Amino acid sequence: MAAVPSSELDAFYADVDRADLRPLWTQTGLLPASPPIADVPYVWRWSRVRELAARAGRLVTVDRGGDRRVLALANPGLGGEPYATRTLWAAVQYLGPGEFAPAHRHTPAAIRFVLEGHGVWTLVDRDPVPMAPGDLVLTPSWCWHEHHSSGDGPMLWFDGLDLPMARALDAVFFEPGPSSTVDRLVDPVSASEVAHGRAGLADDERPWRRTHSPLLAYRWSDTDAYLRDAVGRSDSGHAAVRFTDPSTGRDAVPTMRCTAHRALPGVRCPSRRRAGSSVWVTYEGAAYAVVDGVRFELGRNDMLAVPSWAAFDVEAIEPTTFFTISDAPVLEALGLARNEVLPAHQDVTSDETPVAATGSV
Amino acid sequence: MAAVPSSELDAFYADVDRADLRPLWTQTGLLPASPPIADVPYVWRWSRVRELAARAGRLVTVDRGGDRRVLALANPGLGGEPYATRTLWAAVQYLGPGEFAPAHRHTPAAIRFVLEGHGVWTLVDRDPVPMAPGDLVLTPSWCWHEHHSSGDGPMLWFDGLDLPMARALDAVFFEPGPSSTVDRLVDPVSASEVAHGRAGLADDERPWRRTHSPLLAYRWSDTDAYLRDAVGRSDSGHAAVRFTDPSTGRDAVPTMRCTAHRALPGVRCPSRRRAGSSVWVTYEGAAYAVVDGVRFELGRNDMLAVPSWAAFDVEAIEPTTFFTISDAPVLEALGLARNEVLPAHQDVTSDETPVAATGSV
Amino acid sequence: MAAVPSSELDAFYADVDRADLRPLWTQTGLLPASPPIADVPYVWRWSRVRELAARAGRLVTVDRGGDRRVLALANPGLGGEPYATRTLWAAVQYLGPGEFAPAHRHTPAAIRFVLEGHGVWTLVDRDPVPMAPGDLVLTPSWCWHEHHSSGDGPMLWFDGLDLPMARALDAVFFEPGPSSTVDRLVDPVSASEVAHGRAGLADDERPWRRTHSPLLAYRWSDTDAYLRDAVGRSDSGHAAVRFTDPSTGRDAVPTMRCTAHRALPGVRCPSRRRAGSSVWVTYEGAAYAVVDGVRFELGRNDMLAVPSWAAFDVEAIEPTTFFTISDAPVLEALGLARNEVLPAHQDVTSDETPVAATGSV
Amino acid sequence: MAAVPSSELDAFYADVDRADLRPLWTQTGLLPASPPIADVPYVWRWSRVRELAARAGRLVTVDRGGDRRVLALANPGLGGEPYATRTLWAAVQYLGPGEFAPAHRHTPAAIRFVLEGHGVWTLVDRDPVPMAPGDLVLTPSWCWHEHHSSGDGPMLWFDGLDLPMARALDAVFFEPGPSSTVDRLVDPVSASEVAHGRAGLADDERPWRRTHSPLLAYRWSDTDAYLRDAVGRSDSGHAAVRFTDPSTGRDAVPTMRCTAHRALPGVRCPSRRRAGSSVWVTYEGAAYAVVDGVRFELGRNDMLAVPSWAAFDVEAIEPTTFFTISDAPVLEALGLARNEVLPAHQDVTSDETPVAATGSV
């Protein structure tokens, strides 16, 4: 092909642009060898987050707070967007004693993992679900939910939502609830636990047929016992439990995988990476995590963002339990899942340093 | 709660910001009543696109073109991004006589719908798939593919990819292929058609077990006959066929629904809207489409973007066949599907005007 | 058609017979309006069965007993075959203190429902499963199993097997186990309960992929609590729980549905019938059952056979709990399920009379 | 245990018997190492069957014939029952020119494989399905069906039903149809073929949701072409196609697997056996089959019964096409499937001899 005069090319590109077209060959980076990751591995320290949440509790009423008093983790790599990773919203919610957060519903699914406090319950589609530390509570897509405190201290919990994915699909809908008064006498278990909380027992005549779990609460006592037993029977010093829909065995909600991990000190696993991101909450203990060569020290309730395709491993300093959310079921459903176990655990090339700076005032 | 001094609030917000947190209550629009749609209903005219593709054929070699000579539809609402809608890449690819586009593979799945030309075949994981007008050809996620012309004129086809979704999930991987020479003698049917192209007939001993269709080509003669029969037996003057995986009945690829519609003149259906977007290619005939009250006139090979939750209906001027792609299987898999039939067809509030401007030079 | 001489017909039929053919038109009853039922509604009284089982315990060693000391319920309608209904084997097994029944495995699946006794465990594929009254224990198809008593009294349990179905399919295989000594120290829970016995909690990395439940024991305390809660929340005075595979939500074994029912006095439900048979064990309480118009009085541990398509209802005399097995999942899997709720409860046309005769010696 | 006086044992067994119980330990053969097979490998010769079917055509009207003029294959091992194997009904149906077999429906599913003749169609739930040699036509469970001849010669077809299984489950229901006149003008294709007969094309708005295939006819031209292509691409000289539900990929009916096999001369495969039985129809060619060491020579339309767990292989004498039915999907659904490839093909220990006797008059 003879050389094309640049003026002719310029005219061509101008016309293409005016026609609302884009040449593929001028779009660099559209199809990179591996995903171009904007979000960064990052830790939010509980001491700092908790202090700010408590200040919010004093300064901002729930009413003022757009229904909810929530501080979202904003990954520094995402240009100010309130997302912990590219696909996951993660946040800490603070409900003061006697407060309540009014009813609403939305298509993004939410999960709550309780970090501290007592005396709170969430009303999910008229089912009152008590909350206590270590409990996982679901408010699936488009279910009505409101939070009530009858306690004498604050409760703080971790919120995980599929909001970035729902937004990327232009599928976010929201509806505010009625502001009616709700009876504050609550059963110690939710109706969902009565009907679905015993393994293998299901209603013989009315099968559950929705895309999310019929069980709305996964109690810490069960999770803790599962992990204790599983670590005890394992050779590896590590165990992981997945929170599933007991009516199908699939993930509790179709957009987020929830798991809990327990690791004993002295074991460092081979490093892994997977397409898709996750957020790790250090519910108990202390550990090192190494992400793409950077070592982070994690203490109680510290929260770590792990971007897509980042090499990742953990080593416990003391017996440690993590709660995690990830986008794994989405990638699996779409045929995009990809996992890799690296030949060995990765080298540590640096320790996390920005923490002090972040924490200083 | 007593009034909080604004200085105290200011200090609080500054600290929150420094801690890489975002208060939910200052984030307006995160959870809107219905999805905030950036992309706009829009038509790309074939006359304009074809002329520019032909100019690209003269000016730009495939080599120069990053493996492919492709003009992507860029929705004017998306700030310059090369996406037809929020979730869908759509484009026109031009392969000149005797050209070839070298082998590569990527995790985004692609579908091709041939608009004009002859003598081209796509090699998909070593299976040569001939292409002719009206054919739908799949290059599913992570399958090797390359395009070869042995024809004496250009071929132009419509490309649909799930690229925006794969990017939103940080799950794009790409690998260039070897540059080896390929035998150019091609069967008139692909091996996939031999093994899977007869309804209900499957290998008795080696079941197919992948997430995409084993059938790589859906021939226009079949699609056309299906639509002719279905319209003939219908009372509504309208019929729609879905391209499915014959080994499961599910969508041909897990991320995109492909359909073809045929409408007879004189029928205007009630308007519908659904969460999720689509792109409509007017393969045959002429029709009006009304999207959120704006009326577009569509001729042969014109391409229309329909954003999420837009009210949409069509009325054929002459017998018209559309080929479409949408993100429907993704929203269904994630529990986010939502459809609404409006009480009647919508009022036309205006006719599309920007076309002339766009087309003028 | 002219009349055919009977001699010609006779010759024809003789030739057909010699050719190992059968004319359809001489086979009366092959395709009846509803299934021709041979088995009859029938009750086996616990007082009688228990007494005979205890005598067997004195007279017959387990060794002599073909591995197992089992008395099978033989429906009087089945011509002496040892089946409770056309499709279900049901029996009472008796294991004396300190006895053990050696290891074997077979393709028919078995379920055990414990009626009385303590101190027994079943080893299923090396997992020791303790047994106590009201527990349901599975020994699925082709799993090794052996029973051990470390108690000081006998245990009696109800056995349910799909044996008639497996035989009708010519699919019965059997293998005797090694006669090695087994360690008699047993955990209070089975490994299956540790891994699968907490609702919604599953191993994150090793999903279960077999056709039967990974959970081998369903404990009476859970079943009882489920039924108590469900009856308490019901308006009907009746509740039923299905024992399911917690990894899929399907029946615990693919060939038998296991359920438990609780009924409060004073409620008589509309009568129902279904294609396929069932066996009902009156675990607690006392009730009337009416089957095809015949009324049976049921006391503790009495066992009732309900044939296919028999009209059936129960009325509790005192709070009553039934354990049941049926062939429902088989009929559902094969597209043969059929259920009918009759307009009202059926008339009682007679009371069961043969009981006294049966019980007399 | 001290020796038990035989009088005491005798009294015990008498009491057990009176109580309608059966001791397991006196039931020999209930759980054999492998299934006790009653049915025998057996061939029905077409020459003989066809001659008798033609005589039936002259002697017996369809009315007289209980709706259908059918000669069922009666396996000599089954004590006179009209079943080809333990689980399968197989038969030859004869419809004379101008005859019709009136409408009825039944829960046993039936398949028809046409052996000779023209001009017949079957009306299935109001859809007229033309029949021609080599076609497979379904009349699934509980679908209305009637057969009509508008030809000038007889048609003979092979009938396969799951009747023994449906009877073993006490799930046979039957309903005679109305005797109304049916319009005899028939489309050359059935509506099911229009809607479901093109691979991968399905209605976009009305998905099929039943347990059997929506496609009622699988045409010989397709089957033949599939086998020709598959054998041509195979190294083994053998190919097999399964007839599947195009909406799910599962078997066309849930109770029977239908396949066609083609074998070229000179190849003898390793022998196999499987739990469950099958019937093989030699549609084209000539071959030897060896079943449990007995060699059978098979010619056009000869029909062979293969019992459960029999060692089986074939060797073609000339290019040969078999049509087969089996109970495989039932055993798979119930977790009872078992297959074994023997180390090599089996020795021939004898040739079939009873044929001459059977054929002689």
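The chains carry the letters A, B, C and D, assigned in the order they are written, with residues numbered from 1 in each.
Everything that follows uses one rule, which is that a contact is a pair of C-beta atoms (placed from the backbone, for glycine too) under 8 Å apart; a residue touches a chain by one contact, two chains touch by 3 or more.
On a predicted model such as this, the values are computed, not experimentally measured, just so you know.
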Lowest number of touching-chain links that must be crossed from subunit B to subunit C: 2
Centroid distance [mean C-alpha coordinates] between subunit B and subunit A, Å: 31
For subunit A paired with subunit C, centre-to-centre distance based on mean C-alpha positions, whole Å: 45
Distance between the centres, which are taken as Cα means, of subunit D and subunit A, whole angstrom: 54
Residues of subunit A touching at least two other chains: none
Chains that touch, pairwise: A-B, A-C, B-D, C-D
In the complex with subunit D, residue positions of subunit B that touch it: 191, 194-205, 207-208, 213, 215, 218, 222-223, 225-226, 229-230, 233, 240-249, 252, 259, 261
Of all residues in subunit A, those that touch subunit B in their complex: 1, 4, 8-9, 12, 15-16, 18-25, 27, 30-37, 42, 44, 48-49, 52, 55-56, 59-61, 64-66, 68-76, 80, 82, 86-87, 91, 104, 106-109, 140-141, 162-175, 211-212, 253-255, 275-277, 307-309, 327, 330-331, 333-336, 338, 358-359, 361
